[in-house]
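See below for the structure under consideration.
Naming follows writing order (A, B, C and D), and every chain is counted from residue 1.
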Amino acid sequence: MRTDLAGISLKNPLIAASGTFGFGQEFGEYFDPGILGAIATKGLTLEPRMGNRGRRIHETPAGMMNSIGLQNPSVAVFIAEELPRMRSYGTEIIANVGGAGIEDYEEAIELLEATDISIIELNISCPNVKEGGMAFGIRCSSARRIVRAIRRCCTKKLMVKLSPNAENIVDMAYTCAEEGADALSLVNTFNALAIDIENRRPVFNNVTAGLSGPAIKPIALRMVYEVAKAVDLPVVGIGGISNWKDAVEYIMAGATAVQVGTANFVDPLTMPKIIEGMQLYMKREGIQNLSEIRGIIGGNHG
Amino acid sequence: MRTDLAGISLKNPLIAASGTFGFGQEFGEYFDPGILGAIATKGLTLEPRMGNRGRRIHETPAGMMNSIGLQNPSVAVFIAEELPRMRSYGTEIIANVGGAGIEDYEEAIELLEATDISIIELNISCPNVKEGGMAFGIRCSSARRIVRAIRRCCTKKLMVKLSPNAENIVDMAYTCAEEGADALSLVNTFNALAIDIENRRPVFNNVTAGLSGPAIKPIALRMVYEVAKAVDLPVVGIGGISNWKDAVEYIMAGATAVQVGTANFVDPLTMPKIIEGMQLYMKREGIQNLSEIRGIIGGNHG
Amino acid sequence: MENKGYREFPVISNEAVVENIYRMDLGGDFIAEPGQFFMLRSKGAGPLLSRPLSICDISQGYLTFLYAVVGEGTAILSRKRPGDAVQLLGPLGNSYKVKSERKTALIGGGIGIAPLLYIAKTAEIKPDIYLGFRDAPFFEKEFEAYAGKLQIATETGGVGYRGFVTDIRNWDDYDELFACGPMPMLKALSRKVVDCELYLSLEAHMACGIGACLGCAVETVHGMKRVCKDGPIFSAKELIL
Amino acid sequence: MENKGYREFPVISNEAVVENIYRMDLGGDFIAEPGQFFMLRSKGAGPLLSRPLSICDISQGYLTFLYAVVGEGTAILSRKRPGDAVQLLGPLGNSYKVKSERKTALIGGGIGIAPLLYIAKTAEIKPDIYLGFRDAPFFEKEFEAYAGKLQIATETGGVGYRGFVTDIRNWDDYDELFACGPMPMLKALSRKVVDCELYLSLEAHMACGIGACLGCAVETVHGMKRVCKDGPIFSAKELIL
């Protein structure tokens, strides 16, 4: 299942999604993270962040909302304390970078430039931080500014993570492609609302929070399909993937690789199970290489 | 629970959503449709439509996708054959109108002008017909054209039904308000994709289809909240409402009334149960009028 | 107008008759016509939509379903044990009666044999019954008491006629045929039958089961019809398959 | 590193001890520390996320949970019958041991009494136990064998001390206190206790239970900590409640 993602060769197309796999350590108790195609780190920012106060998790039908607020120890601490251990897993590490203003992003990237990480995932789509974050991911004009700025200082592979709240996901993808992104990953969480009717106020202090999980899969899959068909970049599909069938759907929609998020919480062994399931599936169907089915429903890949 | 919707007085804020309640007849076997605040008809078009071929229904986690394709007997046949019976229920009838081009919409409205129906729900958001339909509901400029044209020929209350696929739901709401809409209802279904991996093709002939049900509620609720806060029109909340608590959440987000769709399929008695549940809730909480809680989480209503 | 909706019934027994095929008996006094179906679900757990299942049999005090485990909904069903409860809406759909003045055969393929038992049991005169299976037959003994002639076909030839049940014979010496099974079987039968009335019981993906969603539409010479409300039984002449 | 994850265990019994409070026993040989918890769910049905439940007791061949039915997840749990199975991940979190050299009291409020039993049972020396209830006490007899002193408080005064369990006495003559219960109770206790070591077992909404999602974060003087991984037991001194 070896997969080429923008020139980086992954063992397989299964990537742990940012913010759902920590820095890998917790899952090490359950399986060897080295079997994964890659791990995207928890969203990193220039300065350490303690994240949001109040409720952070709310369950919804077949989904969950979160308002973690990019709690992280900072890029510098990540590089010093987490990266060496993550390196030892023997899988590709993708640094997911968030931020408030363009300068923050730039400085964070600069620090990462000095490491041996080969892929940066630029999170312009986190709905849970007040300043910056998702704001960049809604309109093409803002996205263009940040991708252009980051591209200038980033010699690593640059994967831009798109928000499903973007006004037009395909235009957004074009914009990122034009500004030199090497790959796109989508989707981040959907902006959503839950109300605590007993107390007559929003469940979350920030009012809205990000929806993820199986509930969003049909919408996310449609977006991945549209983007993969439209742009000539590798697309990493994300959203509600819980089993190997979901992963195969994304590949058939045109995704080069996939990320698994919420499902890691539901069962820490989700990802090894998906890898195994896909291997069996490929064997059963006589598929040598996923390119035989990639985009087979009508994308431009495969 | 009497509710004023743009000057029309409804018994209560519970409206059967278009396309999920037929013309009421089927539910008459289970309860008296006269207890509802209103019934929105199946989407009507100028010409009869047989709808889409192939699979029309696909279940998803906590949701469903449909690709019915506006199957309906035409506005004229509706007026002649269905409306008289619907009138006998003694509840408000809302004519939901779809169409391909602006002229179709206009002619359909003209026919309805000659009836005693007081509310038209303009469906600019159906994702399941190739021409027209949702196309109008994505960008403000197209929405403006159609709402303006319809407003000119429509003396009834005009409620525009928004698509969650709109590029910017708040701008869309402003646009409709500017063009003279009397009310807004949202959301219609989310454009979504499902793939039949065995046969390596989309489940639906039209490739994409509309996602509805509890899965979408958190996103739809957020949109209703944003729109109710932004515009000075009554907003009818739709999306995943399955029980009285969901309905109360929408009211607290700022909705004047709510529509129940998919949940009618899950249990034909959903709507009477919601009405009863809300009555008990109001009694328990000492709420005389829903305006006491409407928009209480921070909208401009109540 | 009754305020009925979904009602809960206790599981009396729920056992595999062969691998992946279960028979479930629910306690209650059921009144329904042969050929009808119920929408079925678990209480507060499992998928959003209910699953349609045909009436296989009704006896004093209980109702029988015969079902194949094909996905999540039927898997959950198969884990029900005596004393658990399931919720039913129905009976739904139209029905079919074998009439004494018509020489009738019932033809079932695979799990499509389910509705034939109650149809045979309520017949005015014993119909001939033809049951087709991929490999090993199941549940066929239950039909013995109610069949004029009972004939089995298996594709592998292990039991009875080797091949498709539709190829067992020429059907035109019957006045009337009733068939239920996979679509290719129903299509094959439609093509073969020339001179007798053929009724087909159809399946379709359903959301509501009561005629409201138009999800189960099937094309007929009289326009679109709903499998749940106008069917599930249609005259083959009327269908555009 | 073991490839463990969720494992299935059979329900041996599952009965209401009073209205809405259930005791569930699961069969198996469990090894866990007092104060730890499990993430628990049904197989292939029910909500997406698992529910955290404390270890109430472990005996030869079985594990006991004591839980309140508050929503969908616990309602589904309450319908499980002997022979059904549930899936568990764990044991998870840190633990708490009553040490012989420290004069210790365990204080529980409402369903917060659940973890106290196994803590008392595994204590090096019998702790004093104080249990508070709204109205009628429940499960209190189970503690008798393991308590130095056992005292009950009820808000209505029906049994034992009338009022909050936190107000039963001055706590400062204990060396150490362990408390579990609703947040207002824990806060009240934190304010009252001056001179002894206070440990609190916290609750938080959890997605993963293994430290990955950061959903259960709680603010401490050493920054954000995770209730599931760094807790559920924290020294009151370190918490910013």
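Assume a contact is a pair of C-beta atoms (placed from the backbone, for glycine too) under 8 Å apart; a residue touches a chain by one contact, two chains touch by 3 or more.
Quick caveat: nothing in here was measured; it's all calculated off a predicted structure.
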Least hop count linking chain A to chain B through chains in contact: 1
Intersection of contact partners for chain B and chain C: none
Where chain B and chain D are represented by their mean Cα positions, the distance between them in whole Å: 46
Distance between chain centroids, defined by C-alpha means - chain C, chain D (Å): 51
Length of the line joining the C-alpha centres of chain A and chain D, rounded to whole Å: 36
Residues within chain B bordering two or more other chains: 62-63, 213-214
Overall pattern in which the protein chains touch one another (line/ring/star/complete/other): ring
Each pair of chains that touches, named by its two labels: A-B, A-D, B-C, C-D
Chain D partner contacts - residues on chain A that touch it in the complex: 19-22, 26-32, 42, 50-51, 53, 55-59, 62-64, 66, 68, 71, 213-214, 262, 264-269, 272
Chain C to chain B touching residues, read off their complex: 1-6, 47-50, 89, 205-208, 210-217, 219, 223-224, 229
Complex contact set, residues of chain D against chain C: 42, 44-46, 72, 75-76, 81, 83-84
Touching residues on chain B, where the partner in the complex is chain A: 60-63, 65, 167-168, 190-195, 197, 200-202, 207-208, 211, 213-219, 221-222, 225, 240, 245, 248-249, 252-253, 293, 296-298
